[in-house]
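The structures considered in this document are given below.
In the two complexes that follow, chain A is the common piece, with chain B as its partner first and chain C second.
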Partner chain A sequence: MQGELAVEIRGLRKSFGQYHALCGLDLSVPKGSICGFLGRNGAGKTTTFKVLLGAIRADAGQARVFGLSCSERWESLEIRRRTGFVSEQKCLYPYMTVEEVLRFTRPFFPHWDLELEKSYLERFEIDSKLKIPKLSKGYLTKLNLVLALCRRADLLLLDEPTEGLDPAVVEDVLQALVNVNAEFGTTIFFSSHQLHEIEQIADRVVIIDGGRTLLEDSLDDLRAAYRRLNFVFDENPRQAESRLRCYGPLLCEGRSVSLLVKADWEAAAAEARALGARLLDAQPVSLKEIFLRSLKGK
Partner chain B sequence: MLWYKSWLELRFRLFWLLFLLLALACFLVVWSQELASGNWEAAQMFGLEPGKLGAAGLPAEQVVALASGLFVLALILAPVGALMLAGSGMNTQTNYGMTPGFHGSMLYTLSLPVTRRQLLWTRAALGGLCYLAFVLLCLAFLLGFYRLSGISLSWSTILAFLPGLLVGSLFYYSLAVFLSAVFDEFWSSMIGFFLVGLLGGYSIASGATTMEITSLMRGVSLLRGQEWPYLAAALWIAAAIVLILAASWWVERREI
Partner chain C sequence: MILSLNPNSGVPVYLQLMEQIKHAIGTGILRPGDQLPGLRKLAESLVINPNTVARAYRELEHEGVIELRQGSGAFVRQRAAGSTTTQLMKKGERMVKDLVRTLLEAGLSEEEIRRLVEATLLELCGASKSGERRRQTHAGRTGG
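Now for the complex of A and B:
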């Protein structure tokens, strides 16, 4: 099982003084998958990426990438040989030009794809003679993506990879990620606050909060498990509300009730009917609603 | 390609050092006029006694020329050169903008398949080579200038002072590497300049005792006709080694 996982984290803990960033985090990212990594600000996503890269050491627990330990020096080096990373800040060297950053990075990765580099630079309209401080936030993001994609990594760790990009470029980037996953089997583990982007390309989702995993499942299973049930009551549904709340978060507007249910939605529908409701529909739920429900449920 | 990154980081700082060399030239132009007038009393400023200038077996004007030139080299040029050229490889340095805080590109560096020791040693080595070249250039400049001014200093005379100068420069460079490993650009510069000022001030105030570092670099013992300070040199070399090893330990342990 360990060999089939690109990323495996068990009981990971990390504190910075009094601040507990990770409090027993558990998660797995299967090889060849595209996994969305969700959480509120300060949930521990960036800290998780830093542990995987070996930039910081966990206080307890285990983190492995392709079966290699992130805390062992030489294994961590091997992990970074096979990994592409885009940080949240997207900072690069202020004394270099675009061409100089590329020239500096290429030799570290023997499988660097020069043709792909050329095509991305053209597609993203990046002038290779520009100095890094002259790049706008969007262009800096694009350059970071070029640096990550062209190295033909086995794993891409992307922290908010589309932040600051216009919708057309976001589409390009998401397509590039899907292509690299489909063509080369590259595992992609990326965080984003743009839930629709995760819904668009991810086949797996991990939601964390307070340094712990709240939810981890394939996106299809999540969608199948959750339903939004919309009911109408002939009379005031106040009495029914208290009975139905045990199934999930409830929204009341007059005689209309909307209930977000996980798994046992048929039981919830049956009970609502027994209480005098008419079921209007049972709609699929967006990732945003699942995310918000997970946070409330915690 | 770590050498490439280190060079790109260093190159503009070398230009700043050329300005420092210009400052040395200005000092020497002014000072050479003092020497031409036989102002040996000023030799006291450099830790020498006007009445004992011949102790090194050299003419008085050569002794004072060496004392003054090496004074500027040891108290200003070599320490400042070290602070400007040293780096730890992990912290990104700007073009000596003394920027506070650590630059975010440090995370990009650490995401690459390099060890932290490789980062430190590559950057420190290239900076060290440039620094050595700068120190030797300053010495050659000194020799050339004095010769043009009619003070016939020979290469063998100058080279006698080289070991002391190199030992002191090694210490300052190691200190600068350590500071750049631990602190951001702003604080490593501030603390570095403070320590340089402290050591230089102590040297002047104490009348250039044998054990202190700037005396070693200025060759005060040689100018006074005394034995070369082997013990002092050994202690400062040991201190330099400790600082470099501490820098290496620190970058390994550092979290960002």
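Now for the complex of A and C:
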């Protein structure tokens, strides 16, 4: 099912002194996908982005963008030419106006799309006469996004692009991302702690922790694989409890049992029935539950 | 056609989309020959992944509900699975209405009835909500 890869990372390691930021990270982002990048603070997301952009060098392992190596100087340059990046900090030169920032940025990118720039400035209602410090957080994000989008990047790396924005601006940003993905087939790899945003627009997710990949899958496959099974027993289910525990995290209250199961949940349901349980329902599971389970289950 | 999806419900979004489009056909909001919104436009207006819309359309075509015409978009099939489904749905609606009324009169609560129906579905369909099973049942119906 997977075609070409926009991002491919194999066994990536990076330490800062005693601190191991990446410990053999593996992940891939297929071309044309919108991939959510999940992990707790300090999981290694920003370090990963920096390696991909050639801002820091990994100690070991491989990182490739469109088949180009992130550690080779000239290939890395080509990567940066084809990649738009919005960092967590979103800092721009404070003494410039919006127009000046745009004029300063354009010459770096031979494929800069002036029409797209105009349409995004209008769509985002950005006043190009304003100085950077006058922009609110939402507008600063939007401007950063304009800078990333108008170079007609093939890949967007976005480090928590919607952090601290109000819901209306978040929707604007997500819509812009869906728009470039649909229109130009731009691959988008973005981190966020807002799981519902990722559920809304991503088709893939990568969950990392402690510099390692915990889970990497299509969102639809994840949704199809996980179920929360709710059972009720006629008697105290103590015995059944120990038998069912191997299928996943289990909650037990009185005679009712709730089980979070991956993949073989039909087998779990059958076993519970055999143990005398009545299956009440098999609920779909949100990404949040899957995320929390992945962190606990490692 | 007004679609409202819930990306956080845990149900694959493409399945939600398929259900709602089928529902729109079943209830006559969409008629045979009607054009569905363009893939890009729909993705942008719902703010969901374009691949998700593409997958829903592909599966709907596979089930014979819609027809994808190269370059001009997606259309509800003339003899869509809808027409037979509509009649079945109408019949089913009457049967369910009678059943629910009987159970309510017998003193069961709304929630209890819902649970009963869900548990029965689970029992009979093996709790499988996968597209695979659906596709099979649909193929069987349209083929026969």
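Keep this in mind: the second predicted complex is superposed on the first by the 295 of 298 C-alpha atoms of A that agree within 3 Å, B and C clash if a C-alpha of one lies under 4 Å from a C-alpha of the other, contacts with A are read in each partner's own complex, and residues count from 1 in each chain.
Here, contacts are C-beta pairs under 8 Å (C-beta built on N, C-alpha and C of every residue); 3 or more make two chains touch, one makes a residue touch a chain.
Note that this is a predicted model, so its numbers are computed, not measured.
Undergrad: Contact-wise, after the overlay, does A:Arg152 reach chain B, chain C, both or neither (first, second, both, neither)?
TA: A:Arg152: touches no partner chain.
Undergrad: Tell me which partner A:Arg80 touches in the superposition: chain B (first), chain C (second), both or neither.
TA: In the superposition, A:Arg80 contacts chain B only.
Undergrad: Answer with first, second, both or neither: which of chain B and chain C does A:Ala269 touch in the superposed model?
TA: second
Undergrad: Just checking: does A:Ile56 make contact with chain B only, chain C only, both, or neither of them? Give me first, second, both or neither.
TA: A:Ile56 sits against chain B, while chain C stays out of touch.
Undergrad: Determine, under the contact definition given at the top, whether A:Glu183 touches first (chain B), second (chain C), both, or neither.
TA: second
Undergrad: Thinking of the overlay built on chain A, is A:Arg13 touched by chain B (first), by chain C (second), by both, or by neither?
TA: Neither chain B nor chain C is touched by A:Arg13.
Undergrad: In this superposed model, does chain C or chain B come into contact with more residues of chain A?
TA: C
Undergrad: Check chain A for residues that touch chain B in one structure and chain C in the other, and list them.
TA: In chain A, no position sits in both the chain B and chain C interfaces.
Undergrad: List the residues on chain C that touch chain A in their complex, please.
TA: My answer: residues 7-14, 39-40, 43-44, 47-52, 55, 115, 118-119, 122-123, 126-130.
Undergrad: Which chain A residues qualify as touching chain C in the complex?
TA: Spelled out, the residues of chain A in touch with chain C are 32-34, 171, 174-175, 178-179, 181-183, 195-196, 199-203, 219-220, 223-224, 226-227, 265-266, 269, 278-287, 289.
Undergrad: Provide the residue numbers of chain B that touch chain A in the complex, in ascending order.
TA: Touch residues, chain B against chain A: 1, 4-5, 8-9, 12, 92-95, 103-105, 107-108, 110-115, 255-256.
Undergrad: Which chain A residues qualify as touching chain B in the complex?
TA: My answer: residues 50, 53-57, 73, 77-78, 80-81, 83, 85, 87, 89-96, 100, 103-109.
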